[in-house]
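Heads up, the next two complexes both have chain A, just with different partners, chain B and then chain C.
After this line comes the complex of A and B, so read on.
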């Protein structure tokens, strides 16, 4: 068989032959269903509260809890109008420029690691060279290092370059006020996990297909482009969602590397400033938060079938 | 296309005083360097749009643009010269100094039990496996260290290895596209191959929508459109059901005859080997045992292994004592010639000899005719004939025998029959070396 097969459900539900079949059966019992519904509702309540708050008038928000809306309903879209369009609000204009900034950060910060990691994963999985295993393990081991540890050294590198004594190894790159530091930082932090996930998926592609392509006259790059990329699409898509959501929701990295510059700051930075130091006008924050959720929701729902299948296929065999 | 190394102006020779003619190197003038660089540059430019590939294929005919004229463009002999493969971390070679010459247009079958190195040998020829010692030559061109793509071979894999995300058409066209074959020609060749293989109706389908037999044919088609110098097939029929296998067997043999392309075919099935191959190479533990035509292999096996491997049911092979006339089977003596007797006693053969006779090379006789008495354990009725399995006491040990009889003389289970090998139809091997004598 040459196709990458997906695990199929056991044909007879009464006697599940595979372990996945057993799990499936256990999850389909009524008790489990009720439990899952309860958990889902509990988990959704904060989000509902957020949504309700975002459409309540500012005065009500300050005085009563969001659940009182069910007995004394009063709704307004004032908050949304405020965050989106009112340039007099807060320190600068509405949210739209920040929305664009967020896209300008998240999209390249997804594409760069995806492109680099898929190539690296192919090379580590299928190109025979000395020390490829060592390199793979070294990259994997990098995941142990928390990114918070790298923030300050990286910031120093971006601001002042690298020096040993008075010798300049890397001159100051002068990247202040651009997106480049955030792109680079996100790419660096994403690489170990990306390579690991994609490597596991790509290494499981059938060997014969690779060899057939070799015999057919394909170079490594051709094999990568015409065989590996199409076949690894589920893994690529799932990692793309992962990375996009991560960069979209990220505050720490963005704040560290472009924090001071309003021109390039993403939505999350703006959101954190909206509330103000004392938590005034947080009804505006809820509206802003809901606007910032829209894009990830679109991405997630358009690619979610890959998200479930691809991640499983990438990390677990089967 | 060989690019000349860019000439560089030699550095002034150290003053050594020696100036014999051999050592005087040419000093390049700047304008000459300029011209040569220019030529190099032009050549490099030509590489880009694949024009040179086109022209090269036109000149060399290496599966480029011409349909092969039988015996002219696709001439290819293959030689293994002491080719050895030792897998890293093992001592014993997987393929041990394989010496094999394959003629142009020949259908050679590599056969042997699993793990005998036949697939490894094939993969070495394909360039998918390193050659640790010795070399491999296609048309006297040393391909030992060339990558697969530089060898002009096509391979059919055991599980077909179709590209799952491409249609049948794209699968077949893939190699041609890589070679920058013009589009209309790809179309002509793919259509032609599809017609040969009855795949015309499936060109738009993906492999997962095909049956096993169809997938197998696509794999064949992918090899055929390449018009390579050599076809390699690695157990291409083992995933088909029995009936389809027999059918496809003859199709492949017919196709090979039609195309006249040198083919190396690996199988563990000796019937496939015997029916398809012009010559059959039998391997065991990485060592080539015998390479000969199927008839020769059957009639004159070179050693005990080949004798036992070829033929179904297997030959009856027993180690027995010698006397002055031949091999002693209890009451029966199989006569050996004077030379055979001498050879059997040489090289540590002692007073023993290994003899074998095929199940179909003996007759059931009556008790009075001096046959070997055999107690029947099992009768396999194949319709036209029957295989009779039984055992007999030979020199104190209980030995199993198989005899093929026609259906009119089928014995019953538990019965005792008397078998007598036909005169001159038995094989004798030295007991120590296991070589034919």
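After this line comes the complex of A and C, so read on.
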């Protein structure tokens, strides 16, 4: 397990010692340790309960609490087979298609905005032109628009095209039953934050490296591919992880743009359906929920450093 | 039956493979187009080279933002002044409805409760943990475990907690942890938690707090560690100790970070509809603005009212996000 790292830049060794040691002493008491242990246990138990329930036989789950496994252990993987492959609960083919949909939505919805936003960020930082600052500020300011503001018109556009009066500007794109609307929506909604974050990083790349490449006659396209992308890899990784988890965990965009069918709907949509109508078959619902959270948990525990950095960048820090 | 069963699985699997291949095809195609455009545009020389470069790099992003955010946001404002089928102009009538109809009263009240209680509890708890965690031996383990719910979707978290709130008749063995715990503590007939208004609102907020506390902890922990040691020393020379040191020195020093954490959690709280939708569907007196906006727009297809609620949501987050952005710019300016 890696550790949760400082969200800010690496600590400067030249700086004087910080206060944590002093604060530490000032608040030191055994009560504090007990408080921390209680909080940590409270924070962990809910997920453990879910995991334990998902591997208990259906009969046990319905009759006794999951904590009784510690006195009467009895385990099975039947629930996972059932929820993944068996056509139950008003859906044919179990949860496997939804798992595939989640991957098929989240991977392109990460790569598309990553590529387009890093290009835009490079242009705004290094191909400076009249108005580039204004454009950057406008994009930066657009972060204030909640995506709820765009849902209805965007759905109307994807379903029926765009018209002014009776003049058709964009014909109905006929994208029903494909991933395209949800890819596009995620890409569009990711743009302001992605450009802002990547711009902050790319703008700080060493000026002399860029200028040397230009003197050698490299085009902006070559500089972008051979210098900027490799150097910006840490920022790209942080944003990629943030965006992947965001799209993987998203319910609102998926529900709005792809609906609830097994053709295109992701795990989150299926889970919310299951919780609504079949909340009583807990062994199946918990197995399904665990399948949906295991991917983020793997990402979290294996790439924790980037994960924390990406998440914090996504919410407060630049 | 087993024969049919395996056949079924086979077709599901081939479907899955097809979908994934299509997806990778789309990604590969996208990257190939980019490469070709780069190659072609990179060969351009002379006067058009610079504008072409700007167009290729910036064009797609600007177009996506224009079509995906700016025009739709403007259109949502326009739609909010029209009737639910968008045929008649109503002026501010949808907004009057949003602030005066009886059914919405409860929604606004709940939303207000959410954005006050959840962020304050989250920030306070995050601050306590941030102060206490770094003197324990396995600091990293504690931090990881408390931060972990941030990785889980709100839908997943809701299912985890629905299971905890599950209630059986008190004559039967309980399978929900909450009922079991309070019964062990001597409460013989606990209520059906999810149905008990107004308690259920707070039970749903617990999920938000569970998810967001790790975020508050990590940000505040970093801010506390960044306080210069001399300041703490000086305060101690002046006789500050314990709680006094905490409230007079530590809290004022991290004041800006505290407000940023508070407003960030508030923004999330205002926008998230997943919890209420998964837990209660907005029933039993738990409806909030974000979920009401979704059901008005996409369940009942009341486009006018849904748009008005979206605009209200936008206006509500505006000062919070505005504050965060100003704060962010200030910090950058200082560096």
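Please note the rule applied: the second predicted complex is superposed on the first by the 242 of 318 C-alpha atoms of A that agree within 3 Å, B and C clash if a C-alpha of one lies under 4 Å from a C-alpha of the other, contacts with A are read in each partner's own complex, and residues count from 1 in each chain.
Basically, contacts are C-beta pairs under 8 Å (C-beta built on N, C-alpha and C of every residue); 3 or more make two chains touch, one makes a residue touch a chain.
Bear in mind the structure is a predicted one, so any value in this text is a computation, not a measurement.
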Exercise. May I ask you to decide whether A:230 touches chain B, chain C, both, or neither, giving the answer as first, second, both or neither?
Key: first
Practice problem: Using the superposition described at the top, determine whether chain B or chain C touches more residues of chain A. | Solution: C
Practice problem: Would you sort A:251 into first (chain B), second (chain C), both or neither based on which partner it touches? | Solution: second
Quiz item: Which holds for A:209: it touches chain B only (first), chain C only (second), both, or neither?
Solution: first
Quiz item: After superposition on the shared chain, which partner residues are touched by A:173: those of chain B (first), chain C (second), both, or neither?
Solution: neither
Quiz item: After lining up the shared chain so the two structures overlap, which partner does A:57 touch, if you call chain B first and chain C second: first, second, both or neither?
Solution: neither
Practice problem: Considering only the touch criterion stated at the top, classify A:217 as touching first (chain B), second (chain C), both, or neither. | Solution: first
Self-check item: Which superposed partner A:304 touches (first chain B, second chain C, both, neither)
Solution: second
Quiz item: When the two structures are overlaid on chain A, which partner does A:161 contact: first (chain B), second (chain C), both, or neither?
Solution: neither
Practice problem: Could you pull out which residues of chain A sit against chain B in one structure and against chain C in the other? | Solution: 1, 3-4, 219, 222
Quiz item: Which bits of chain A are touching chain B when the two form their complex?
Solution: 1-4, 206, 208-209, 211-219, 222, 226-227, 230-231
Quiz item: In the complex of these two chains, what residues of chain B are touching chain A?
Solution: 126-128, 147-149, 153-155, 157-165, 174-175, 178-179, 207-208, 215, 222, 226, 232
